[in-house]
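Below are the structure tokens for one structure; questions will follow.
Chain IDs A, B, C and D follow the sequence of writing; residue 1 opens each chain.
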Amino acid sequence: MLNFVDTVQEAVSGIKDGSTVMIGGFGNAGQPFELIDALMDCGARELTVVNNNAGQGDQGLALLIKEGRVKKMICSFPRQSDSWHFDAKYKAGQIELELVPQGNLAERIRAAGAGIGGFFTPTGYGTMLAEGKETRMIDGRGQVFETPVHADVALIKALTADGAGNLVYRKTARNFGPIMAAAARHTIAQVSGIVPVGGIDPENVVTPGIYVNSIVKVA
Amino acid sequence: MLNFVDTVQEAVSGIKDGSTVMIGGFGNAGQPFELIDALMDCGARELTVVNNNAGQGDQGLALLIKEGRVKKMICSFPRQSDSWHFDAKYKAGQIELELVPQGNLAERIRAAGAGIGGFFTPTGYGTMLAEGKETRMIDGRGQVFETPVHADVALIKALTADGAGNLVYRKTARNFGPIMAAAARHTIAQVSGIVPVGGIDPENVVTPGIYVNSIVKVA
Amino acid sequence: MDLQTSDTPLGRDDLARLVARDIATGSFVNLGIGQPTLVSNYLLPEQNITLHTENGMLGMGPVAEGDAIDGDLINAGKIPVTELPGASYFHHADSFAIMRGGHLDICVLGAFQVSATGDLANWHTGAPDAIPAVGGAMDLATGAKDVFVMMTLLTREGASKIVESCSYPLTGVGCVTRVYTDKAVFLTGPDGVSVRETLGCTLEELQELVPVPLKAASATAAVGG
Amino acid sequence: MDLQTSDTPLGRDDLARLVARDIATGSFVNLGIGQPTLVSNYLLPEQNITLHTENGMLGMGPVAEGDAIDGDLINAGKIPVTELPGASYFHHADSFAIMRGGHLDICVLGAFQVSATGDLANWHTGAPDAIPAVGGAMDLATGAKDVFVMMTLLTREGASKIVESCSYPLTGVGCVTRVYTDKAVFLTGPDGVSVRETLGCTLEELQELVPVPLKAASATAAVGG
């Protein structure tokens, strides 16, 4: 069921300890900062977070990590010049890391949304990121078996929602939004604007409303 | 390399005997009738054709089949009230049939375009369409291993192309177009209109030009 | 507890109305070709149901007539349909991902047979000279959260279509959760068949017709919706 | 046959110009972070190259400056960029499908090491205390039709980065087809390393620096592009 809620606090209020939470965005583009801040405030702990990175600077996901609320990160690129909170937790052995090549991460998220039980990909074959994984040769190419990444909740940012929950994004801020919306059991989207049902051309819908559960407008 | 060609005959002239040809469309919606007619005229034989159906009435794909130009069909729904040419060839043992559940067909085509070596799906598990295929239990569910369907050529129909080969479609005529364009080594699109580079909003492009090789405008 | 909700067996339209009544407000639904399509005639606007058609659309409206007919806008049965406000279009892989990923609340399908544990047979008679054609039947059967079947309880020859084990080739294993027939509404699952309501017969009369053990559904399961 | 095309080793910009010259007209190209990004400065309009950035765009333009900076329009290095006419946006799975499906003609990457058979190491120093981070490196390495590497031939310590077998953790196996260095352009593949051209040295001098057997590339392979 689709709900339009008034505040980001209300939007994230159902997120429980131990949840797997996907967070959209690549760099700052498409990051749902306000929803992440609300997740911080709501107090949920022992989270598994799926994001391309592992937080930057002293905001958003980095603060969640700093405060010890994240048990495990599933991401492709945790180490950045300003990922000091993750770095510290990781070196202290206080956070688990599942490092996934970025394309495998995207495809695994897509697989969860599409009901795929697992898939073979050449990416990572013969590298340490395939260690312990099933491999096989397909058409003469070594391939690695990868499994879907599901989530309890996705926090994403879109440009505009219509009254049916359809979403459109803006430029490269689209990134993980559409696939995370499909992969999570409950998807919360923060948007810059809401238009009436029918206000988005059906040809141009990027995320159909079936994938969206809560929408909150963020000024 | 993208080419704009003047006639459907020129567009299909490189299709060789023995090719695997994907043909877009679901029912009449999105069927590239003019390109199929041109394929008929160009004389290529021993074709493997990938389409949702196996021809209807006395036109298009049905004629290709009638004339014995199709060695094998890969499709989900060959039998229709007016699929008499396929029916006759099939009963005479003159055409091979690989019957694929429609969603598996779509996913296998998508896998080819996306570089996936194969995937597990619950669709078809425990049915005769999974006979002889690898299966396994994943998260308590029986699943079947399905492999990508590649093609030499895709014939698709879109609404509009821009000068960079980007395509948009119209309503449910979109169907197999985008995934076949990505799965074939050479994609030929017939369109109703061509606009200059930049004439399609980058947010609304459905098939990026990287997937398109030849474009022909059909009145 | 009174299982019976109708004094007479239900005709196709009454049965479609019963299915429509049982669909929860706000659901996303796929109606299969044939009898299930009738359900759309009885969905109420206040139910706010979104219809999916697997050839690539959410927000499908009624069958198109007259000037509204558009060859580019058809349903899975290749019938011209219309577009409702809030609709969206997508390609075939994205459309089947909606089904296969478990995002549809309900799919309503016709059937040749349903087994006691919810196996479905609805795509192939198994006749040796039949040309097989499956379309999206297997995806629909395995993908939706709930798979409802609509069918007459008996074949023309009087045999029950609810069976211990399907003799026709399967469409999906253990996928059907509810079966709407002219004579009763059945719930199917790992524990076998229970009867939610009988239509113009008693449970005992129904049991005479059906070769698998029937029990009355528990009160909670018997609640519609 | 004269292998040498330059009297002196090439600086980073000259090397970028050489790579740019070798990219065929109409190609779809992904330029990795760091040194490969310089190549974009030397692509000519008449080459009609379309740049892909794996965070979700084809038709990427130059780095954005001043009022053109838009936080929603960045490249894989998280630098604000611009959009060229004919661009398109897509989500991450679709974007990586472009790479992984083999649709990019060329990907240009930096490297720590390349083996004689084209194994690539460019993501991890292997230091026990290093926090690993891979990003799209493995997808780029395995997906593009041709993987070009740009790097200095020697480390600061004077060791060859072209090696018999990589000592750093691998990014991809047998994926590199060509290596552009300050001192030579190498072709790599199942048959080992050949030299397309030397830059400011002779093949003999080059062989002194590189611990794998070098041969001159055949005339056909030596043709640029």
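Heads up, the rule we're going with is that a contact is a pair of C-beta atoms (placed from the backbone, for glycine too) under 8 Å apart; a residue touches a chain by one contact, two chains touch by 3 or more.
Keep in mind that this is a model prediction, so the values were computed, not measured.
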Contact-richer chain pair [A-C vs A-D]: A-D
Computed distance of Cα centres, subunit C from subunit A, in Å: 34
Interchain centroid distance [CA atoms averaged], subunit B/subunit C, Å: 30
Interchain centroid distance [CA atoms averaged], subunit C/subunit D, Å: 55
Junction residues of subunit D, two or more chains touched: 57, 83, 89-90, 93, 96-97, 99-100, 143
Touching two or more other chains - residue numbers and ranges from subunit A: 107, 114-116, 121-122, 169-171, 202-203
Graph class of chain-chain contacts, one of line, ring, star, complete, other: other
Listing of all chain pairs that touch each other, if any do: A-B, A-C, A-D, B-C, B-D
Interfacial residue positions of subunit C with respect to subunit A in the complex: 26, 28, 50, 52, 57-59, 83, 85-90, 93, 96-104, 143
Touching residues (chain side subunit A, partner subunit B) in the complex: 107, 111, 114-122, 138-139, 141, 143, 147, 168-171, 202-204
Complex contact set, residues of subunit C against subunit B: 53-57, 70-75, 78, 83, 89-93, 95-97, 99-100, 119, 124, 129-139, 142-143, 169-173
Subunit C-touching residues of subunit B, taken from the complex the two chains share: 26-30, 76-80, 83, 86-87, 90-91, 97, 99-104, 106-107, 109-110, 121-129, 142, 169-179, 206
Subunit D-facing residues of subunit B, complex: 1-2, 112-116, 162-164, 166, 182, 197-198, 202-203, 205, 208-211
